[in-house]
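Each of the next two complexes has subunit A plus one more chain, namely subunit B in the first and subunit C in the second.
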Partner chain A sequence: MSPAAASPRRFESGDRVTVAYTHPPGHRRIPYYIRGKSGLVERYCGAFPNPEELAYGFDGLPARHLYRVRFQQIDIWPVYDGKAHNTLDLEVYEHRLSPAKEDAS
Partner chain B sequence: MNDKAAHQHAESHTHALLRWSDDSAHDIDETARYPLMTEAIRQILVEKGIISAEAVRRLLEQMDARSDVTGGTIVARAWVDPAFKERLLANAKEAIAELGIPEVDATQVIVVENTETVHNVVVCTLCSCYPRMVLGMPPEWYKSKAYRSRVVRAPRAVLKEFGTELADTVTVRVHDSNADMRYLVLPMRPPGTEGWSEDALAHLVTRDCMVGVTVPRVPAQAPAVE
Partner chain C sequence: MVGALRAQGLSRVDELRRHIEDLAPQGYDRPYFERWAEAFCDLLEEKGFTSRAEIEARMAAMKAEIEARP
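Take a look at the complex of A and B:
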């Protein structure tokens, strides 16, 4: 069972979100290739203890909201010669997401 | 089992333990700092009687006993039972529990369905997250830097190297298993399997089909309809 999160979740399926473009040191769950990119929330996955803190022996609480976000491949890679309809889905914790700016991508 | 074989057997289990406790699992050096530390801690815990060598052995045996037959069983049921398939896609964890498959850990599972227009493939770019509870231990290539770095940006090229060629019209959906979800691909049931038993279907669905680097194929010498 998922532990309770401290705050209500901010996003719903279909929301357009942008992954923070930051480079904090340490164990982070955001692959470099997806930082700063925008996609659509595919589903809400639940709240989980923050793995970025679990990695250092903390309890990771309060739990963080986790979302699956669907990105278009063409939005991710600087050089992309595949079809526009191909996607990449990955999980992003809420504290790494913000509502997408309309002009972001 | 003779003494030598018994020793080798025990040793291979120890190595399996070291792999999973060490984040550098993709580049194994058994004399590196973390593997040595893990082994030292294991020995101390056993010496102090906190855990038993038998308990460690049993756990490793259970971990090694998991295999893609479990995943194949789930897929075969979804192929023959549309209502189960719906439940599986909506909430895989609950649907899998229906089949009496024991929950080995608290990990969440998401099942993604291949269709005529969508092909799914799974990777973990950050490490080597893998649905071990339904597929067993991951293959070496799944953990390799080459697969992890290439399949996210050139999935078609990587699939082609696995002998899987997809039409341009098919959407390739890469799932980077980078946090708390684990992914199982539900392949399409291949033509020519009409009337097959659920068990025969389950054995057609191999590990690689459920990671998404290939698709189930009916062998040239198809088994007789049971």
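Take a look at the complex of A and C:
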């Protein structure tokens, strides 16, 4: 069973979210190409010790909420030649996510 | 050794992953387990369990021992 998270989760399946466009130093488990992009929460995965803390030998607690977010490939890449409906699923921790603005891509 | 450290709760896969990603880009084309061993040396040193110098001295001693065999 997952360890308890400190706070209730902020997002539900179907919510549109944006990944923070930030570049903090250190071991950060979020790909560069997805920073600043928006997608839909596909599912809630549970709460897990923060791997960015575990990587430095700390306990990673309180656990962080993790979501599987579905992005449209055409939203991610400057030039995307594949099918318009192609998607990418990526698991992202809540501390990287905020509610997407209405007009965000 | 990696397994022993994990079983004792002394290190986590996340720490080794960080060290693998911290290796110099010049080493990216080295074989997977060489990069892995390199990163593990860094982790052992960081945790104060041993030093790279100690590991290299031991490796040199073992190599000499093996080469001296008839």
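Following the convention adopted for this analysis, the second predicted complex is superposed on the first by the 105 of 105 C-alpha atoms of A that agree within 3 Å, B and C clash if a C-alpha of one lies under 4 Å from a C-alpha of the other, contacts with A are read in each partner's own complex, and residues count from 1 in each chain.
Keep in mind that, in the parts below, a contact is a pair of C-beta atoms (placed from the backbone, for glycine too) under 8 Å apart; a residue touches a chain by one contact, two chains touch by 3 or more.
Predicted model only: the values in this text are computed from it and were never measured.
Colleague: Once the two structures are overlaid on subunit A, check if subunit B and subunit C clash or fit side by side.
Modeller: Once both complexes are aligned on subunit A, subunit B and subunit C clash.
Colleague: In the overlaid three-chain picture, which partner chain does A:82 touch, first (subunit B) or second (subunit C), both, or neither?
Modeller: Touch status of A:82: first partner only.
Colleague: What is the contact status of A:68 with respect to subunit B (first) and subunit C (second): first, second, both, or neither?
Modeller: Only subunit B; A:68 stays clear of subunit C.
Colleague: Counting only touches as set out at the top, which of subunit B and subunit C does A:36 meet: first, second, both, neither?
Modeller: In the superposition, A:36 touches no partner, neither subunit B nor subunit C.
Colleague: In the overlay, answer first, second, both or neither for which of subunit B and subunit C A:56 touches.
Modeller: second
Colleague: Applying the document's definition of touching, compare subunit B and subunit C: which contacts more of subunit A?
Modeller: In the superposed model, B touches more residues of subunit A.
Colleague: By the touch definition above, which subunit A residues appear in both interfaces, subunit B in one complex and subunit C in the other?
Modeller: 51
Colleague: Of all residues in subunit A, which touch subunit C in the complex?
Modeller: Against subunit C, subunit A makes touches at 27, 51, 54-57.
Colleague: Can you check the complex and tell me which residues of subunit B touch subunit A?
Modeller: Interface residues on the subunit B side: 108, 110, 125-126, 152-156, 168, 171-181.
Colleague: Within the complex, which stretch of subunit C touches subunit A?
Modeller: Residues 11-12, 14-15, 17-18, 21-22, 47.
Colleague: Can you name the residues of subunit A that touch subunit B in the complex?
Modeller: 29-31, 33-34, 45-46, 48, 51, 66, 68, 73, 76-77, 80, 82-83, 85-93
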